Amino acid sequence: MARALAISAIVAVFLAAPFAAPSYYVGLLTKMLIYALFAMSLDLMIGYAGLASLGHAAFFGLGGYTMALLLMRAHASAWIAFPAGLVAATLGGAVFALLALRARGSYFLMITLALAQVVWGIAFGWRTLTGGDDGLPGIKRPVFLISFADQTPFYYLVATLVGLSALAMWAVTRSPYGLALRGIRDSETRMRAMGFNVWRHQFAAMAISAFFAGLAGCLFVYNNRFVSPDALHVVTSAEGLIMVIAGGAGTLFGPALGAGVIIFLEDFISSHTQRWLLVLGVIYVATTLFAPRGIVGLWTDFSTRKRKP
Amino acid sequence: MSALSIEGVTKSFGGVQALRGVTLSVEAGQRLVLLGPNGAGNTTLFHAISGNILASSGRVALFGEDITRLPPDARARRGLARTFQITNLLPSLSVLDNIRLALCGADRLTFRFFKGMASYRETTSRATRLLADWGLADAADRTVRNLSYGEQRQVEVVMAIAAAPRLLLLDEPTAGLSPAETLGLVDMVRKLPRDMTIVMIEHDMDVAFEIADRVAVMHRGELIAEGNEAEIRANKQVSDIYLGLE
Amino acid sequence: MIWVIHTLNGVSLGMLLFLLAAGLSLIYGLMKILNLTHGSYYLLGAYIGSTVIQTTGSWALALVVAPLIVAALGAVMERFFLRRFHLDELPQTLLTFGFLFIIGDVCLWIWGGDPILLPKPALFAKSIDLGGLSYPEYRLALIAAGLAVAAALWWFQERTRIGAMLRAGVDDAETARAMGIDVSLLFTLVFAVGAFLAALGGVLGGPIIGASPGADFDVMLLAFVVVIVGGLGSLRGALVGGLLIGLLDNFGKIFFPEFALFTIFVPMAVILSFRPTGLFGRA
């Protein structure tokens, strides 16, 4: 009951936001939602499948770039370009899985990082196609029956897609498949001994995760009307990672919250100083030392301590 | 037909021969205990049967089907279940979820993405019933990590039998248990359905004879004796090894 | 003759990569830490080196001071931060990621955003004649320096007591502990040596690659590719991997300028598919 109330309240706040907040903050909220989707998709891998990846920006950027290239270079309609972005990201996830799933732990981290850098390298180096580090400017927001060019309708489009995706990911984590992923995170040998094909489960997890990361990437490109290799950079992967950890891995809600907090801090700090990356670094160190289970973990500890004094 | 037949299985790690041509066959419904000190090759043999390692040479067959090169999950799907010498559970999940996953594995409920686990009522009720049958009903909602070591050993056996395997491998389930807990676990194994073929590793001779229809003794990667209680107790080589240990 | 020059360029880059990858590889081999700060050690080495050269005019001093300062930083990171999370890869990765951002931003703060190139030491500032083409002596000196460090490291690992401890530790930290080896001190030492080598790479590579914001990422990635190809925990892997990647990068830039990174990453992917632990790595 309390949960239903809380969810209704959150939905109501997001629906009412464009009426109450100045447009700058609607823009910021849009960005938060997009990153929340990105962080949740990464949480599927880290918090559920136990696959810590340092290359998640690749799927974000693959989605965004594929869509942007089809729009700008092939003049395709958004009806084609947008789904194509999702397909490209999902395929990217599958390819990464084929190469990286042979390894575990540190090797997996390093391989995902290196593979993501290949994608970055293409976007950066193939100037004739991608515009190199100048990126692809002048992308128009889509017309899906109605125009989403203005900030408010676009915000609603993002909020709806992110909300539906969150629901779908939540359903997946509650399903037998999601339970099996958590089992694999705990012990691969145990799951194999019970007849689970661990590799296929992890492969599917990476593809699903990449799909949602690609969706976040497409929305990101529409939001900025622009894409550059920065979308594929290690820093983007790193930001996603800290959103997941600072929020609380394995909870979906936590990483979404973490995304909101990090985006807000980035916006706030960048408007006052040049030292955002320094602050981000300090957040990394502080989270690891003092809140390894994130905001959600802190909250759980706090509320259990309150209950039994 | 033999439930399990092992023919000339060898395994070497680097230069060390852990298994030197083991041949062994277990009839359906039989309870065989593998006796032997640590390092005799018992666990390596289990790994070769369950697929956690692949035999360097030789052949392993499950109910007549050659499974020598199959991965562990494929063997599990053919009706083989096992426990591990070092407790191997899903520590961050509840006891109920551990059992439910074992049932999902057995029922091939694996790539179900959207319907919640909670709506698979039949799986849940079977898991609950299993826990009740084995006196673990109160532990159902506890996180495995928070159970006592003895409880964890019990849960691991329940997970292995949840799938109603045709062949059950128990790798020293009594390891590290107190005498009272050991009795409880021996009792548990004795209560298992008679048609379930069981191979169990055990170091304690008395425990072994308590459970076994037949005992096989491993020593330095070789099978040195095989037979019923009287035959094993009378075997000079076996008593030498065991007396030498004590 | 031009090909000899391209090859020499590739080999000298390979030697630099070896310096960077050797530390990364040793640290991983012993402690299983994936050190994302490794590129930052390079950057700090180059920046501190440039400041030392500017203020004292002594190249030799820079070659000693910069690596020592960075080695101290590495030791502090290991002792006061990474140690708490021994063998827990995610928190260790996050910590090193954090330091990567902190060091990068502090460098930007102190040394600004313009790329810098260190001057060449006067001793090797000239060019020599190679069959009609002139070739900078500095690059040849770099190759010699890389070989000297490789030999020194080999001697250290194979012929000294600490090296024997290191080898025992890489094989199995528990056994090493049981042998009465002070693993704790060894960890700090190896981390410091790794940081030292990377900073040395920074000073030596300063006149060729230079230092600029973002170089920390680039260097880290190159070093990763080297150890993925060569195999983590193996000095020989770092040397062979370094040379291979140095040559591939150099020729890649000549033949496929738009896909420069591809010529490095495609071989890496191929090696990964067939030997996930790299050419000389152990599972």
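Each chain gets a letter, A, B and C, in the order it is written, and its residues are counted from 1.
The rule we apply is simple: a contact is a pair of C-beta atoms (placed from the backbone, for glycine too) under 8 Å apart; a residue touches a chain by one contact, two chains touch by 3 or more.
If you're wondering where the values come from, they're calculated on a predicted model, not measured in any experiment.
Peer 1: Tell me the shape of the graph of touching chains, choosing from line, ring, star, complete and other.
Peer 2: The chain contacts form an open line.
Peer 1: Which chain, with its centre taken as the mean C-alpha position, is closest to the global C-alpha centre?
Peer 2: Chain nearest the overall C-alpha centroid, as shown: A.
Peer 1: Report, in whole Å, the distance between the mean C-alpha point of chain A and the mean C-alpha point of chain C.
Peer 2: 32
Peer 1: I'd like to verify one number: the distance from the centre of chain A to the centre of chain B, where each centre is the average of its C-alpha atoms, in whole angstrom.
Peer 2: 42
Peer 1: Can you work out the whole-Å distance between the CA centroids of chain B and chain C?
Peer 2: The computed centroid separation for chain B versus chain C comes out at 48 Å.
Peer 1: For chain B, which residues are in contact with chain A within the complex?
Peer 2: 50-52, 71-73, 76-77, 81-82, 84, 88-93, 97-98, 100-102, 104-106, 108-118, 120, 159-160, 163
Peer 1: Applying the document's contact rule, which stretches of chain C touch chain A when the two form their complex?
Peer 2: It comes out as residues 28, 32-34, 81, 84-85, 89-91, 93-95, 97-106, 108-109, 217, 221, 224-225, 227-228, 232, 257-262, 265, 268-269, 272-273, 276-277.
Peer 1: Considering only the defined contacts, which chain A positions touch chain B in the complex?
Peer 2: Residues 168, 171-172, 174-180, 182-183, 185-187, 189-198, 200-201, 204 of chain A touch chain B in their complex.
Peer 1: Could you list, by residue number, the parts of chain A that touch chain C in their complex?
Peer 2: Of all residues in chain A, those touching chain C are 46, 52, 54, 99, 102-103, 105-107, 109-111, 113-115, 117-118, 121-122, 124-128, 234, 238, 241-242, 245, 275, 277-278, 280-285, 287-289, 292.
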